[in-house]
Amino acid sequence: MIRSGIIKDLTGLLNLLKTSPNSFDKVLHKVNILSVGDGKCRAKLKLDEDHLNPFGAMHGGFSATLLDCVSAYALSTKIPGPHASVEIHLSYFKSARKGDDVLIEASVTKTGKKLAFMEVEIKNGETGDLLAKGTHTAFIL
Amino acid sequence: MIRSGIIKDLTGLLNLLKTSPNSFDKVLHKVNILSVGDGKCRAKLKLDEDHLNPFGAMHGGFSATLLDCVSAYALSTKIPGPHASVEIHLSYFKSARKGDDVLIEASVTKTGKKLAFMEVEIKNGETGDLLAKGTHTAFIL
Amino acid sequence: MIRSGIIKDLTGLLNLLKTSPNSFDKVLHKVNILSVGDGKCRAKLKLDEDHLNPFGAMHGGFSATLLDCVSAYALSTKIPGPHASVEIHLSYFKSARKGDDVLIEASVTKTGKKLAFMEVEIKNGETGDLLAKGTHTAFIL
Amino acid sequence: MIRSGIIKDLTGLLNLLKTSPNSFDKVLHKVNILSVGDGKCRAKLKLDEDHLNPFGAMHGGFSATLLDCVSAYALSTKIPGPHASVEIHLSYFKSARKGDDVLIEASVTKTGKKLAFMEVEIKNGETGDLLAKGTHTAFIL
């Protein structure tokens, strides 16, 4: 969960991910970053089979990975150094299935000298329904 | 996050995962289930590059996926029907790196008629150090 | 944590609290309800000595009590029956001291047949700074 | 939520609480500390009317206050300086009523240089049933 703060814009983010092609982040390879900057990051994807659980619904671990990563991208635009996750908390409201458009909106709620707090909404991109919502707390190294 | 409760033992679990080879659960394909039954599930893995973040540490999203899945396996031995995640909460204590042995121990804390509560410890399998610890709350469908 | 859903408006809420003058809710007796209805509740108070910890800062347990109660008032305007708390999660951002104005804003994020999700922001009423933010998940009985 | 780490034993704790008789901690005046030391604190109380919600069940805000305070007492035996709460998370399993014996067991899960993690179990003292369980994360000042 240690991350660097070198992401200044979309190019920086894509360069970072390219340097470690076999990391766990590759599970996000179908995710499109819509915007990143000023403590915010928006992303979207069309749900495919590899985002689902064996019962055909969006996987809770995949949602948590979206929370973790997209909020870290948002934070990286705001703080200069690396950070490490302290806690994540995620509530699941509604299911989604293959073919659904999913929108992820992360923002930094508050940064202090050593701690940063982010929150993330995961929505159905067509209906606007909230699918999941959570928080991510990080320690600034 | 909807899951079935048809897992009675290790064979049932492996059969379930085999039926959906392209689901997100495939990120766990290097995880070995040590035991599953009576509301508990123990698993282990040796951390490889595809479990890490771009900075070489165990990925927070992968840890959350371990929490989500291994606790769901534990619950599936205890309740007859399917369930859906309501909330997960995870605290990160210590980092782990490529080659580290990781032990995951999930247990059901409490089940009611409609809600089930689980907790999971993720440890360094050699030193016993706690890497992360969390809870998973599910709704019994 | 079992509560009734009989609160329709401010009068209903005040009547409820009057029926049990010695309950733990009396720790909120300096809290003024600004509005309650349509899944929302806003309240404010001026911090006094009995809201603080021994070190002169707003008490974390009092903040949690505000989260629990004000969100329950918000929920009670939306569902007909009683409910019970399942989980609360609260992040603390900034301290407050005696004499500070505190604003509490609770809203229902989502209700289903058996579960309801609420969130609460606790702010400094003068500066608008976020002091704490959290979630409350309840089971509809 | 800022607290000092001057509690070395039961006497130190009681002295601290005596110095601020009108703080929010007075809601715990019927709580008996059974033991405090070595990163742990055990306490008990008999539930009275002023620990309940208007519907006669143990108040969720009071449970959260027990979590917050008893875990802070446990932490104070382990770290020299003051600390501030970062997050609390609490799951509610079972209700309790007037006259029930309640046992609170807090322990420090992990301390680092700047962060400390605690967990707390709240049990029925007679049946041993788990009433609530939660975590408290603090920043070491």
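Each chain carries a letter (A, B, C and D) given by its place in the written order, and its residues are counted from 1.
In this text, a contact is a pair of C-beta atoms (placed from the backbone, for glycine too) under 8 Å apart; a residue touches a chain by one contact, two chains touch by 3 or more.
In this text the structure is predicted, and so the values were computed from the model without any measurement.
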Report task. Could you work out which pair in A-D, B-C or B-D copies the interface of A-C, where over half of the contact pairs coincide by residue number? Result -> B-D
Query - Whole-Å gap between the CA centroids of chain A and chain D - result: 34
Report task. Starting from the mean Cα coordinates of chain C and chain D, work out the distance between those two points in Å. Result -> 20
**Report entry** Distance between the centres, which are taken as Cα means, of chain D and chain B, whole angstrom
**Finding:** 29
Query raised in the report: Which positions in chain B touch two or more other chains at once?
Result: 86-87, 89, 91, 137
Query raised in the report: Line, ring, star, complete or other: which describes how these chains touch one another?
Result: complete
Report task. Sort out for me which residues of chain C touch chain B in the complex. Result -> 86-87, 89, 114-115, 137, 139
Report task. Name, in rising order, each residue of chain B that touches chain A in their complex. Result -> 1-4, 16-17, 19-20, 22-27, 49-69, 82, 84-92, 95
Query raised in the report: Mind pulling up the chain C residues that touch chain A in the complex?
Result: 89, 91, 93-94, 109-110, 112, 117, 130, 133, 135, 137
